[in-house]
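Each structure below is given as structure tokens.
In the two complexes below, chain A is the common chain; its partner is chain B in one and chain C in the other.
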Partner chain A sequence: MKFLTTNFVKCAVKGCQSSTESFPLKYSDCQLVQEEQEYNPEFLVHMLERLDWNAVIQVARDLGNDSLPPTKPDSLDPIMEEDQAVLKDLHTLLVETQIVEGRMTCNNCQHVYHIKNSIPNFLLPPHLC
Partner chain B sequence: MKNYLIYFAQSYPNFRRPELESLANLNNFSFDLSHHDESKPFIVVQLENDDQAKKIMDRSILSRGIYELWGQGSNYDELHANIKATSQDKFEVYKKSSFKFDFIGYKGSKSREERVEIIQNFKYLAFEGGVRLKNPDEVFTVLEEYSVSGMEKATTPRNIWFGRQVQLSSRTENVLDKYDLRRRKYIGTTSFDAELSLVTCNIGQVGPGKVCYDPFTGTGSFLVASANFGALPIGSDIDVRMLRGKGKNCNIQANFKQYGTSTQFLDVLTMDFTNNAFRKDFVIDSIVCDPPYGVREGLKVCGAKHPEKAEGRENIVIEGEKAHLRRDFIQPKKPYELSDLLDDLLFFAGERLPIGGRLAFWMPTANDDFQVNLIPQHEQLELLYNLEQEFNKWSRRLLVYVKRDETYKGKTTNGLKSQNIANFRDRYFNGFNDQSK
Partner chain C sequence: MSRPEELAPPEVFYNDTESFKYTSSTRVQHIQAKMTLRALELLNLEKEQPHFLLDLGCGSGLSGEILTEEGYNWIGMDISPSMLATGLDRDVEGDLFLSDLGNGVPFRAGTFDAAISISAIQWLCNADTAGVDPKKRLLCFFNTLYSSLRRGGKFVAQFYPMNDSQTEAILGAAKVAGFGGGLIIDDPDSKRHKKYYLVLTAGLSERTVNLTGATMEAPVMNKKVNKKLLRKMESGKDFINRKKETMKRRGKKVALDSKFTGRKRRPRF
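And now, the complex of A and B:
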């Protein structure tokens, strides 16, 4: 599971749909791996538009990274040198950081999901379906 | 407007028009294809310029190429007369360009000697740029259509066109070979064939920088097809085994690596589509999929098959931890109806797609009881295409919908459910006999 993907997923339980607490999930006991990926600035620019930056900060903090800027870097231009540095950092964080194992907990209903072999599992037990 | 000639492949002729219309629409223009005859591989269309021609052709799977039309005739005399009468102004434009001649024959061809002779007869074009067989500035193409009756080989064409090659299709550039399942690193029993998965992505208008979601990913056939057109694919499946693959060099990631599109790949998640974990405001631009209709895999979602037996299981504790919260807990699955799943799919698309975003999916139907009202509808989605691929006793249909704004008032219906159509899988395995209805 890419760090990026944590920004797209919330609790799957129907009762949590409207709760603001169900996103982002709380990440704990995570095992991270840096997986080298080719740098694709256009991809990051497209993705930035779709990111909930507060959630990025929150999940990064869960994973022990407190160094993110408080506001979303915007109108980045892959041609500008200073923007390059920001994009490369984002690439390292969003694309290359893989969560191989870990727990994702819903802050609303406290249900626990697991990440196993890099794939997050959102299947629900019968009483939550 | 200028005349262009499109040369189609002889493959899924009923999908040709939707594919090209969708590609034009994706590039914010439209053109008329209403005179398309599915039995013929050639059609003359009107477009603004070469740029439009390139835009509909470079991604096309069901076409071979597009040519600026310089003339046509039912024999060579007519052809030359037509060129001289209508295209004199073009001779000058390409006077200094290097060039070569190319020949395309449908159901017939000319020998080398005959071709040389034909080329000689084009002398009046008076090109001065010189012939260059490798990387010429322009390729001029003679396209011939023969008609064959019986076993006899046709020797004279029935129609001839002459034009300047503007763009060859991705099919002609061998994209089908590249995505051929036989050479793909990771495939499974449910992998979708390369040609139709690429066509589905074209009609579904997946595009560069756009997120494309396949909720029934399997081995990721639609994900790699969408990435071929620049999309950013994300997939989910209820079966983690498919997503995991069979090791480092035989999984979905390996396929992306094989095709050189790894940098576009988002992720895959284990998810029951009916209990979806994507946050509501995560923008999904298009949804492309082949729902599990249960011929190969029985259709299942999360839940207990016998709820009364499962009651109270949420209180089971193992080693001080709730059993259903443990890492190794296996979520039980229950059978589910296709009609319900399609309802869920349309509802999801109606809710999540942006205005103008498309949903494209395949639906199986038995040929003896198919009626158009079996196609599910949703009030926010307009059905654009219902394209049939026919097998012996059943068909599958590519259904393509577009999300409309609030001024569009459609009707939500589900013919499968209201007419109580039996499970497609049961009918399939009973050979579509009457008792199985």
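And now, the complex of A and C:
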């Protein structure tokens, strides 16, 4: 699962849908892998506007990275030379960093979702459906 | 061919052997690719801009491969672990999720630009375990999908309805969730090649779906025909049958209906 995806996924339990606590999930015991991916600056700029930067920081802290800037980098241009460094960093963080194994916990209902072989398991037990 | 939906729940039916068969069959690959391209054509997304798509019921990523080829980034969801494992082996680009569509789409509001689904949502019409209501599952699915799409986001789903009531249930649930849109039927005259596409938009979109080549079919209006005119048009046999019916209703003794009812007595007789 790409780091980017963590910024969108939330708890699947019905009772958590209206809760603000169900996003972002808490990540623990995670194994990370860097996998080289095609660099696509247009896509990054497109996704940047819908990223929740606070969630990015929180998840990065869960995964052991405290060095993110507190504000979202904005008004980046995929063509400009001086923005390339930031975009490259974002690419490494969001697209190339992948979670292979780990656990995600909902802050609202404390339900644990497991990630195995980089596939998160969102199947719910019958009593939570 | 029998319908897999009637045999077993999806996570049971698509076991290791079945997913291998499904994914390696060139016929299936060809059909899936064709339907994915058709769904993308219906979505009518801007070619120049990047898009973030959701593939519902992605299976082993046959449709996802087409999405990658077309330059889209995507996330796939499926309920069958074997299918997803096959997808992992094939090294698909998108993130895969093991999840039941009937329990909703676990993404926050406004995540995706569009969503597609190829040959999947008819599975939602089945009740696979006791105490499961397909109607509720459909509604939950469409509600969460609606919220996970950006305003103006579009959803195109190819599916195989078993009968008209399934189509109606799916369309009804989509409408309740707030989607606008309807059904497009490709090759409506061919029983084998007939394909159903559900084309929905969440909120207003400045770029509408691409409906070239689709013919609009307005519901046939049953205009109330004048009773007098109807009587004028009916044949002699119809007249006799109608009269016999009324007499029967009144409790009179009426000759039994047979193939000779309302026939002329020929001179030969």
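We adopt the following convention: the second predicted complex is superposed on the first by the 129 of 129 C-alpha atoms of A that agree within 3 Å, B and C clash if a C-alpha of one lies under 4 Å from a C-alpha of the other, contacts with A are read in each partner's own complex, and residues count from 1 in each chain.
Heads up, the rule we're going with is that a residue touches a chain if its C-beta (ideal position, glycine included) is under 8 Å from a C-beta of that chain, and two chains touch if they have at least 3 such contacts.
Just so we're clear, the structure is a prediction, and the values are computed from it rather than from any experiment.
**Student:** Considering only touches as defined above, state whether A:Gly64 meets chain B (first), chain C (second), both or neither.
**Tutor:** Touch partners of A:Gly64: none, neither chain B nor chain C.
**Student:** Report for A:Val112: first if it touches chain B alone, second if chain C alone, otherwise both or neither.
**Tutor:** Touch status of A:Val112: first partner only.
**Student:** Under the stated touch criterion, which partner chain does A:Cys129 make contact with: chain B (first), chain C (second), both, or neither?
**Tutor:** Both partners, chain B and chain C.
**Student:** Based on the A-chain superposition described above, do chain B and chain C contact any of the same residues on chain A, and if so which?
**Tutor:** Common interface on chain A, chain B vs chain C: 1-2, 5, 8-12, 14, 17, 23, 40, 42-43, 46-47, 50, 52, 117, 119-124, 126, 129.
**Student:** For the complex, give me every residue of chain C touching chain A.
**Tutor:** 49-52, 73, 75, 77, 79, 84-85, 88, 95-100, 102-104, 106-108, 110-111, 129, 131, 140, 144, 150
**Student:** If we count contacts the way the header does, which residues on chain B are in touch with chain A in the complex?
**Tutor:** 209, 211, 232, 234, 236, 238, 240, 243-244, 262-264, 266-272, 275-283, 301-304, 307, 310, 313-314, 324-325, 327, 329, 331-332
**Student:** Under the touch definition given earlier, write down the residues of chain A that touch chain B in their complex.
**Tutor:** 1-2, 4-5, 7-14, 17, 23, 37-40, 42-43, 46-47, 50, 52, 111-112, 114, 116-117, 119-129
**Student:** Name, in rising order, each residue of chain A that touches chain C in their complex.
**Tutor:** So the residues of chain A touching chain C come out as 1-2, 5, 8-12, 14, 17, 23, 40, 42-43, 46-47, 50, 52, 117-124, 126, 129.
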